[in-house]
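Quick heads-up: structures coming right below.
Shared chain: subunit A. Partners: subunit B in the first complex, subunit C in the second.
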Partner chain A sequence: MTLLGAFARRFAVFLGTALVASVVIFVIVQALPGDVAQATLGLGATPDAVEALRQKWGLDRPLLVRYGEWLLGMLHGDFGASYLTGQSVSGQIAPRLAITGWLVALSIPLSTLVAVPLGLVAAMMRRRGLGAIVNGASHIGLAIPVFFAGAVLVIVFSVILGWLPANSYASLMTKGFSDWARHMVLPVASLVIVQSCLLVRYVRAGFIDVLTEDYYRTARSVGWTKWAGLVRHGLRNMATSLVTVLGMQTASLLVGAILVERVFVLPGLGSLLIDSVLNRDLMTVQGVGMLLVFAVLAINFVVDLLYFAIDPRLRRQVRA
Partner chain B sequence: MSVLDVKDLSVDFGHHRNLVLDKVSLAVDDGQRLGLVGASGSGKTVLASAIMGLLPDNAHISGEILFRGTNLASLGDREFSKIRGRKLSMVFQEPMTALDPTMKVGLQAAELISLHRDSNPMATRDRVEQVFDRVGLSDAGKVTNAYPHELSGGQRQRVIIAMALMNRPALVICDEPTTALDATVQTQVLDVLDSELAASGAACLFISHDLNLVARMCNEVAVIHAGRIVERGTTEDVLNSPRHPYTRGLLATARIDQVEPGERLPVIEDFYTPDDRDNAGRHTELPRRWVSQYGPRQWRRSR
Partner chain C sequence: MKRFTVLFGLVLAGIVALSALVSLVWTPYNPNLVSSSRYSPPSWTHILGTDRLGMDTFSRIMTGAQTTLVVGILAVAIAALIGVPLGIIAGMGRKVAGELIGRASDVLFALPTLLLAVLLAAAKGASVTTATVAIGIATIPVFQRMARAATLTIMSQDYVLAAEVSGTPRSMIALRHVLPNIAPLLGVQAAASFSMAILAEAGLSYLGLSASPTTPTWGRMLRDANLFAAPLQAIIPGAAIALAVLGFNLLGDGVRDYLDPRLQEVR
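And then the complex of A and B:
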């Protein structure tokens, strides 16, 4: 089979999984106990009024029809309208996705940039002081909850020093770059601190593996110094496990960023999901849930492609 | 003049300082092929790694390793790296894992040139293909563009030999270069190694436990046992009239064709005479770690 065929197959799996997920999400959400119309009107409402609302929202129609409408709508970006507010779900998601998207898009590459050199040092100097310090610091950093890191950063940089705003979001479009950047520094920094501590551990373990490999010894024997040889012949070999972790972290951060969004009063995707679950805003829950599933599947798809780019042995297996 | 002169080299490992090499002295002359024979765990590979400066971090080393008058044991990583791959190179035992799986072999071989001298990409590629061609990699241009997993074990070992010879080194250390290959490929690879070493005039320290290979490749042989060089002489002398009981045992145990079916296979200890035992009745030549395992604590060497 060709490489293109392998991509096509993975893409088909990606789409198929997304379709199955949409069914699961729809069934779970629509089968939740508690009638939305009843809940909205309160316990004192007459059955007639409840029935009228059900008809108005289309809840009396068969499940299959409602699923079909939802699915077709999503294909051109319409996630339906909220039962509670009547607002478009897509319209609710978009601004929040922008905030969470920036947090993820900035913190993942930045924490990688921090973690790779630190992990390299921790691996190479693992029997010496500096390596132990980096390793110990990453252990401690792992134990710090991201909201705590955020709170400490706010106390230091906003309250005491007054350099940066403590909370809220400034849109890049309307407020301009410098205002946006000033508001992003602390939330992104607190994510980077915690994320990079986790990454350092994987990078360190990956490089330590390389140090014991025969090809590293060969690299040394042809004249690479310890450090240069490890970077030259270790980075790419270590990268497979790194992108696996990065993929998982990106996926978990889409919702997990709520921990830092709450501290900095940023209306992100996670808080939209939680608020709409609490309010029984089913269309929004369905929409956000579907978006997250789609994002996770897309991330996995990209990670799969990266494996092929990194490791030539996988390309061979595909052809064989 | 000797290209390599190891003097009183001792190596021990780790917290307990387990002694692996015990005051080893060994000289290799210019252009000479010296075989180094010994059983598993006798310290062959540690000696090779020590000469290459590739011992793990927890190794302690004492003594001198003079390479063309420079004491390698006292060199820092940066200075040593300028010698490794250029004047001193190594062929490893395991061709399947000795190459970086994510990099084309031509690129890995080209590093030998780009690391040690200024060379434009065209000249580098020509040189790589020329050496690949010499070690019998047919269609060298295609091989340079292959990843290691796309080559057979024999091809990979040829690549590694080509890399070791790339900069016309003064000394090539071969650590069981054909052990991992099957018999027919083994012969071909040895032929290539033999002729290319002869053509380049490089000296060679040929490490093996296979006496036939050593007899074929080397004019002199040293026998290492329990971290000590116990015997050295011309290949003919050592193989025909071994003086040390360990060597006698090594030679005799290699002749399993003389063992009758059903008979017990000889082991090296069978060839020790009572004279070889110390007062306590122990073999004086037992490896240190056996001694520390079975003997009283004061047997463990401490420094």
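And then the complex of A and C:
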């Protein structure tokens, strides 16, 4: 199999999973027992009123037709129209994409930058005080929900110190960089704190694995220092598992972003999703949900490709 | 040191369980009793103060432990009861079955817990039940994968071969040889998933997608707290969540080391 063939196979799996996921989402939202029109109007509604609403929303048509329409529309970037307001779902999503996008795009590299050095320290000094402190702190951090971390940051930096704003958002386009940055610091910080605690544990375990490898012992025995051995051999070996974890964590990061948006009242995808759930605006829920799942799958696909870039053994295996 | 952390976990988890149990029969105040003393600081009459409606925070924290535990236990039970049999079938059965189950589990794995809960809440209305079911379903792949991997190891053992040769039906092998041997691993997984379920439920409560407002939950208390007027009323439920999760995590690590010393964390 060639390298291109391996890519193509993974791409096919990615698209296939996305397709199945779209069916799952559609079935959960639209096909589960329980009538949306009835639920929207309340139990006291007359059957005629319910029927009229069903017709207005097109719910009287067969499920398969509705699914087909939704899927075809999405391929053209059209996520349908909200049942409640009649607004196009894509039109609602577009302005919010940037906020959630920035949250995730800033948190992933920042938490990696925090976690790799700390994990290295925790591994190298695991029998000493500093390592134990890092390890213990990451254990505690794992237990902290991201919205609690956000709330504490607000209490400290907005309420007590009054340094940074809370409960508002400034757009990068209209308000300029510094105002935007001031509004993004705390949300990103809460994601980074929680995320890096998890990453530290993986990095630590990964580096400890490297310490027991033959190539590391060889490097040490020919006179390399501990740190040189770990940095020059360890980092690249670590990178594979780090990328895996980062890929897996993107899903939880997207979810974390939903929670953080609620804490800081940021008008991102997450708040759109939650607002539409509370209003039972099914088309919007379905569209945003699909977009989020697609993002998770796309990132997993990219992670799969990154393995090839990082690990030459994998490339050789495919070529052979 | 190790013994100390397990003990600490046991104490934290014990406090959560105890407050849930005691709150069934007694709390200092009715947790939903509205009073005129709003946002009062901690005092002898209200140990942890009162919230924006003058409700006693201590009583609400105690009652909140109930939801935390019940959702955690039920969600893990749902995940294990569905995931483990699927995993064993995937590990023992025909290749086609294994492949199908594996693919389905991959799709489910791509759906974050919270998103699944959000979708269910959109379709069926937000409630503790949808939250629990969603967390349970989202955790199925974790149990399925673990059970499959463990089953594959057991299936290559000589005693399984002996059982097969002597004509033991496959269902009997699954029950008598596979299940008891993978049980310790599943116990460890259950402990880990339990903390994750607590965290997930707290998140859903925080978003208003779990229990109704009349049921006190820690996540909802944090949601309702005004960070500017009474920051303490946010810190208390937040700390309750964090300490409960930490407690069950530490306890889970202890259970892991006890059940299977081979899995012990490298140190």
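Just so we're on the same page, the second predicted complex is superposed on the first by the 301 of 320 C-alpha atoms of A that agree within 3 Å, B and C clash if a C-alpha of one lies under 4 Å from a C-alpha of the other, contacts with A are read in each partner's own complex, and residues count from 1 in each chain.
The definition used in the following text is that contacts are C-beta pairs under 8 Å (C-beta built on N, C-alpha and C of every residue); 3 or more make two chains touch, one makes a residue touch a chain.
Just so it is clear, the model here is predicted, and its values are computed rather than measured.
Colleague: Using the overlay on subunit A, decide if subunit B and subunit C clash or can fit next to each other.
Modeller: On the superposed model, which is not a single observed complex, subunit B and subunit C fit side by side.
Colleague: Kindly classify A:I28 by the partners it touches after superposition: subunit B alone (first), subunit C alone (second), both, or neither?
Modeller: After superposition on chain A, A:I28 lies in contact with subunit C alone.
Colleague: Of the two partner chains, subunit B (first) and subunit C (second), which one does A:P117 touch, if any: first, second, both, or neither?
Modeller: Touch partners of A:P117: none, neither subunit B nor subunit C.
Colleague: Roughly how many degrees, to the nearest 10, is the angle at subunit A when you join its Cα centre to the Cα centres of subunit B and subunit C?
Modeller: It works out to roughly 80 degrees.
Colleague: Classify the contacts of A:G176 with the two partner chains as first (subunit B alone), second (subunit C alone), both, or neither.
Modeller: Neither partner.
Colleague: For subunit A, which side has the bigger count of touched residues, subunit B or subunit C?
Modeller: In the superposed model, C touches more residues of subunit A.
Colleague: Counting only touches as set out at the top, which of subunit B and subunit C does A:L278 meet: first, second, both, neither?
Modeller: second
Colleague: After lining up the shared chain so the two structures overlap, which partner does A:G77 touch, if you call subunit B first and subunit C second: first, second, both or neither?
Modeller: A:G77 contacts neither subunit B nor subunit C.
Colleague: Just subunit B (first), just subunit C (second), both, or neither: which does A:R127 touch?
Modeller: Both: A:R127 reaches subunit B and subunit C.
Colleague: State whether A:I140 touches subunit B only (first), subunit C only (second), both chains, or neither.
Modeller: The answer is second: A:I140 touches subunit C but not subunit B.
Colleague: Give one of first, second, both or neither to describe whether A:P312 is in contact with subunit B, with subunit C, with both, or with none.
Modeller: first
Colleague: Shortest C-alpha to C-alpha distance from subunit B to subunit C once the two structures are superposed, in angstrom?
Modeller: Checking C-alpha atoms only, subunit B sits 12 Å from subunit C at its nearest point.
Colleague: Once the complexes are superposed, what residues of subunit A are shared between the subunit B interface and the subunit C interface?
Modeller: Shared contact residues on subunit A: 127.
Colleague: Under the definition above, what is the set of subunit A residues touching subunit C in their complex?
Modeller: For this pair, the touching residues of subunit A are 17, 20-21, 24-25, 28-30, 32, 34, 36, 39, 126-127, 139-140, 142-148, 151-152, 154-155, 158-159, 166, 205, 208-209, 251-252, 254-255, 258-259, 262, 273-274, 276-278, 280, 282, 285-286, 289, 292-293, 296-297, 300.
Colleague: Name, in rising order, each residue of subunit B that touches subunit A in their complex.
Modeller: Answer in residue numbers: 52, 54, 57-58, 77-78, 81-86, 89-90, 92, 94, 97-103, 108, 111-112, 115-116, 147, 149-150, 160, 163.
Colleague: Report the residues of subunit A in contact with subunit B in the complex, numbered from low to high.
Modeller: On the subunit A side, the touching residues are 127, 213-215, 217-226, 232-233, 236-237, 310-313, 316.
Colleague: Which bits of subunit C are touching subunit A when the two form their complex?
Modeller: Within the complex, subunit C touches subunit A at residues 103, 106-108, 110-116, 118-126, 195, 199, 202-203, 206-209, 219, 222-223, 225, 227-228, 231, 234-235, 238-239, 241-243, 245-246, 249-250, 265-267.
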